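Chain IDs A, B, C and D follow the sequence of writing; residue 1 opens each chain.
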Amino acid sequence: MIALRGIHKRFGSVHASRGVTLEVAPGSIHGLIGENGAGKSTLMGILYGLHPPDEGTIEVDGHALKPGSARDAIAAGIGMVHQHFMLVDRFTVLENIVLGAEQGFVLAPSLAAARREVLRLAAEFGLEVDPDAVAGELPVGVLQRVEILKALYRGARVLILDEPTGVLTPQEADQLMRMLRQLKRRGTTVLLITHKLREVLAVTDRVTVMRAGEVVATRETAATTEAELAELMVGRKVRLGREGPPAQPGAVVLSARGLGWRDAQGVARLSGIDLDLRQGEIVGVAGVSGNGQSELLELLAGLRPLQSGEIRLAADGERPAGVWPLDPHRLRQLGVAHVPEDRHRLGLVLDFEAWESAALGYTDDAAIARGPAVLGLLDHRAMRAQCAGMMADFDVRPPDPAWRSAKFSGGNQQKLVIARELRRAPRLLLIGQPTRGVDIGAIETIHRALRRLRDAGCAVLLVSTELDEILALADRIVVMSQGRITGEMARDAADEVTIGRCMGQGGIAA
Amino acid sequence: MSELQELATVVASVLGATLRISVPLVLCALAGVLSERAGVIDIGLEGKLLAAAFAAAVAGAFGWPAGAALLAAVAAGMALSAVHGLACIRFRGDQIVSGVAINILALGLTAVIGLHLFQRGGRTPDVPPEGRFGVLFDEAARAVQDWPLIGPLLAEALLRHTLLTWLAFALVPAVWWLLYRTRFGLRLRAVGENPAMVDAAGISVAGLRWRAVLLAGVLCGIGGAFLTLAQNASFTPGMSAGRGFMALAAMVFGHWHPVRALWACLLFGLLDAVAIRLQGTVLPGLGAVPVELIQALPYLFTVVLLAGFFGRAQAPAALGQSFTKER
Amino acid sequence: QAQPAVVYDAGGKFDKSFNEAAYNGMERFRKETGGSYLEFEIANDTQREQAFRRMAQKGANPIIGIGFTQASALEKVAKEFPQLKFAIVDMVVNLPNVQSVVFKEQEGSFLAGMAAAMASRSGKVGFIGGMDVPLIRRFQCGYEQGAKHANPKAETLSNMTGTTPAAWSDPTRGGELARNQFSRGVDVIFAAAGGTGVGVYQAAKDQGRLAIGVDSNQNHLHPGTMLTSMVKRVDVAVFNIARSVKDNRWQSGVQVLGLKENGVALAMDEHNAKLVTPEMKKKLDAAQADIVAGRIKVADYMADNACRY
Amino acid sequence: MSGSTAAAGAPLPRWIDFGVLPLLNALLALAVAGALVALLGHSPAQAMRLLVEGAFGSGLAWGYTLHYATNFIFTGLAVALAAHAGLFNIGAEGQASVGGLLACVVALALDRWLPGWAVLLLAMPAAALGGAAWAAVPAWLQARRGSHIVITTIMFNFLASALLVWLLVNVLAVPGNPSVESRALAEGVGLPKAQALLAALGVNAPATPLNAALGLALLCAAGLWVLLWHTRLGHALRTLGHAPGAAHYAGLSSVRLTLIALMGSGALAGGVGINEVLGVHHRLLLDFVAGAGFTGIAVALMGRNHPAGIVLAALLFGALVQGGSELAFEIPTFSRDMVTAVQGLVVLFCGALALMLRPLVARLWALWTLRARRVAPAGEGA
């Protein structure tokens, strides 16, 4: 039995946990859901000893844990897979796993023992990883496995997973869910934070909903529905799924022919890509992550140099035509906006206040200029006002332009980035993983905004590993596999089976 | 004496000089590697080296045996390291400012205390010969130095060195082993890359950094002792003369890796030894080269090498960041 | 009675060299006359003028600047305070209230070169300077000429320490430069490199070779190793200046102190008595007489920025 | 390297963070320095008085203090500009040397032909150009080849000193002058002295090296503030410094920005050449930079890389240099090394240990506000 009682936690002025009490039955899978910033990660951080609570007690199997001591928590058999992975990029998988659980001063025996144990665990749970691979070079899905192995290696009897599926492909997510059930059978207690209600319904025994630092409800999973949970989280009814009139595709905005791209090792990541994007149409790119979608997106966005093939942007009214190579700055001037997949590293400057991040890439906007143009002076008041406007449009919380970008939760950071990119009425929007790690309410907001943009005549290229999202938004679907387009279909002709078949195809010319 | 033998003598003396010049660089660079791998920038190598040299010279001048004077130097290095740790680890001060402060403080304090103790303008009296680290294998060197070709090489380049030289070079594999083959090393490197992870693993970030920083002090201490107990026999204010900064450069050059840093130090040492050798010689075709140009050669060469052959150095990811539990 | 004041150059008053010699002169003045004096060590170029002005405002008299780098600052302040008396060592400032004392370092260095060449068994002698600047080249040039004079086949190897201020206080590098010269057969080294010289002498001692000190008498540092020292009697000059003001016999103008005036000399004392043989001594005395009499012309590098002899 | 130290711990009113704490730190530094002074047999009170009076006690003192501060403002700004773009410029020392060198060469070449103001008008940009040029190679190597800026700038410091010695001895030297210096510039070539400027305003000021370069330094500080926080370029530079990935995403050229930042940094360092060569000595001296480039690192970091902070930190360092030399004048046994040690203590306590007293002060402040809150209702009740 795990019991958190009367937990209070304040971060400066933010009251992130307001007297939370949570009890988890041993050997069960317990879901924890809530909007971005509801306090889920904070609560789990307290259980795991990362943050000392201001008030409250933590008990595991009747023993009180020393607050704020990860060492104590680990000793009590608690393991945690963090939302942002806690790995050393430069270490090998094995070194990452062993760290903190080494057996003696000299490393070699520990590493050898860990190798055996990791291979055993891998066999038992199907968690295949190369123990000698360098973490920084692995895809996120594998890193996730490493994180889980890390916890299991320490003999965790209680496993906390903070949004584990946010970065996983559907297949990987399914595999994870299978594994969680397997762990449960072995008697492990699992605490699962997620924004995906389907997962909650699929694997959990009970689920707790948090809102604004408080627990608003705990339900037996069997006795609840997706709609009820969504409503509990957001405090109102939520509607997801297709809505509105069908698309009215217009003229071709962007056409790409014969795109290819090789990485530094000479491996072909893209080849023979032909693609047309039209006004008033959302084109969804589906595929298992790592099949060239990111490369395609970044190539179009000017973040990678063009190696072969051609990309043209058609002229449109007063906006001139463009032929790649073009840099991201020029592309923005031409009306091409880009919401990157990695909002932390690319989309924002975490150390900037929100209003400064809100001008990233658009500092030449006349609306925030001041004085003679040659000086390039910026009008701070206009910038703040503009940022406040974006925050209002997208319900960014808190709507305070003076907050440091890093302090917003991921969902709100994402809303800010999208607001910025949509602000200047682009004619083409390139958007990757728009709702990764974002709560249901925010997903709704973002989806609605994308549809509105399409209806205003913008062309949208949407890259997402969430099939649901593609099916909900796209008017036309392109499936990528191993760097090639292996299928293209209208929305109405698409279903999961067809798309899944295309995803599995491939075969690539090196 | 044949021309070949002469050449061997020249090569031997240049190699011998290379090793001697490298010793303080190697020790300080290793110190830098340990500290910076744990995420703590160490601009204060220069100051620690100087303070340690001073402590060793003072102890030696008071008649302490060489070993005890070495310990005094190590203690001085660790004392300044402790100041650095207090500032950067305990109180989360800026690591570069702290290093700069240590450099200034060491420069001033050594001279002041030296003046106070000996009234010689900060200089210390000579350490008596028995208090110094003498050449270890002088007999053997004498025996072999007249052998054809390899004689001078064995004698000058290899045998005529002090215990501290051997120690410095032996410490390179030792530090490598510590960093890459032990639990402590694994954790130390982790703390310089991702302290939050180390914290989440239930290990004290501050504790690890403290140990790394103090170890750096030990190494600088040995380097300082080398200056005043082996190379020289007394302390002169400011005698570290920028070696700490060169070591810093060597450490970066060596990508924060002990063995690669060793190569960088040896390269600096070799360039310097060659430059010393070249001074005053008339280069064929060029005539008499200005001394300044020859003195600048090692630096020019380093820049060229850096530009041509060495890829981007990847600093430890969390270098310079103080760690707070509450992000 | 006004106190005399002395402004040392950047090397500091304990540089074991000419600043220290000036310090010794002032100490002698204090002991012999019972008077006190003011002093200041320069830490940066801007302080020079400040130092002289502060001394002048305090009414110090005379105000003595040590080192040629003090010239422009001293000149400026001397013009502002015409009623005070100034003196400068190692440089000429032509003002009615300034006395300038310069030394013929080349003459002393000539004798040092002779001594080195005579003591050398290999016929190779060495010179180590601090920085490659005219004054050091003057030492170097005289030394070379002297070595050639004593032994026409003598070869002189020269090294300079560095290009930053650290060049004057880097004994480790001095030692390394010395070892390099020793490995090339040199067996006597003359160091004109401030604190760096300490390392040169130590290396000579460690390797059983000889070294020659500079500016002050450094023979006592390592008896048996220090062949001699080329002393520059800055102490005497400074003492005389301070004394003459006290005794009201001060005169402006330029004093050039060479061998003849006993301004430069080789130090002979109990510490190096065993190293300098009577025969060497005799030859040195003869050369000194020749120089004083003008029979030997010693080249002055600074006269035309070239070493011609 | 970003000055995020202020972010640590509980929020305190700005007047405590930026007023009370620095003051307490300075007092602590002086207390420790005092203990050291007492230990060495001097009177700390007297030393303290002399230090403060020497730095601020008279017009003369102010003149020298501000003169030294001018150098530190230039080098502090130089380090800060590079730091905002994520670059650690240890090369301000060399850049300042070459700045002064080029300014002097230009002035020496022209002073016989052009009027003084025209020479200045060409020599001052030459100083900036010299500094920028000396930073350009490390900048290019960093941007294009990934050579680490720390190494290359250290190397370029040594190269600058070698170049300076060689030029001074072999090219610019005046035959017969043993000093390692160039000839003096023609009469009337040089920046106006503060004394002259104040005299024009009817103020009688003592002769000090303080000159118009201080105004230039302050202008540079204001300019840098505008540049960094009020222009597109500044936004771009800071983006690069804080998040290189985001800079790439925004279409900023890291090569161009790195060059701009470091060359701008070098140009600012060149200001030391303007102050010393054109403002004071009117000739090139061997070591006119005298470590100001290295001090600039501490100044920038203590000023939290903000121009206003840098001006204040520069003033502190200027005061330490000037007050320190005054100490050495007045107490003959107080050596310049002691002054160095005191400077080290100040950098340690006011810079590196700046946050040491913060928790204590925060606790006191919390107690105080709590009491105030408790007292207030009580007062109402009565």
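Everything that follows uses one rule, which is that contacts are C-beta pairs under 8 Å (C-beta built on N, C-alpha and C of every residue); 3 or more make two chains touch, one makes a residue touch a chain.
For reference, the UniProt names are A = ABC transporter ATP-binding protein; B = Simple sugar transport system permease protein; D = ABC transporter permease.
Predicted model, so just to flag it, every value in this text is computed and none were measured.
Distances between chain centres, each the mean of the C-alpha atoms, put C farthest from subunit A. Subunit C has its Cα centroid 75 Å from the Cα centroid of subunit A. The centroid of the Cα atoms in subunit C and the matching centroid in subunit D (ABC transporter permease) are 36 Å apart.
One inter-chain figure worth recording: subunit A and subunit B are separated by 47 Å, centre to centre, where each centre is the mean of the chain's CA atoms.
Our note on geometry: subunit B versus subunit C, Cα centroid distance of 34 Å, whole angstroms. Residue numbers of subunit A whose C-beta contacts span two or more other chains: none are found. Within subunit D (ABC transporter permease), the positions touching two or more other chains are listed as 158, 162, 165-166, 335, 339. Along subunit B, residues 115, 122, 237, 290, 292, 295-296 each make contact with two or more other chains.
Pairs of chains meeting the touch criterion: A-B, A-D, B-C, B-D, C-D. Listed in rising order, the residues of subunit A touching subunit D (ABC transporter permease) in the complex are 12, 301-303, 327-332, 338, 340, 342, 345-352, 356, 359-361, 363-364, 375-378, 380. Within the complex, the subunit D (ABC transporter permease) residues that touch subunit C are 64, 67-68, 158, 161-162, 164-166, 169, 173, 175-181, 184, 207, 209, 276, 280-281, 283, 285-288, 290-291, 321, 325, 328-329, 332, 335-336, 339. Against subunit A, the residues of subunit D (ABC transporter permease) that register as touching in their complex are 2, 4, 10-11, 226, 230-233, 235-236, 238-239, 242-243, 245-246, 248-253.
On the side of subunit A, the complex with subunit B involves touching residues 11, 48-51, 68-75, 80, 82, 86-91, 95, 98-102, 104-108, 110. Those residues of subunit D (ABC transporter permease) lying in contact with subunit B across their complex are 1, 3, 5, 8, 36, 40, 88, 90, 137, 141, 145-148, 150-152, 154-156, 158-159, 162-163, 165-166, 170, 294, 297-298, 301-302, 335, 337-345, 347-348, 351-356.
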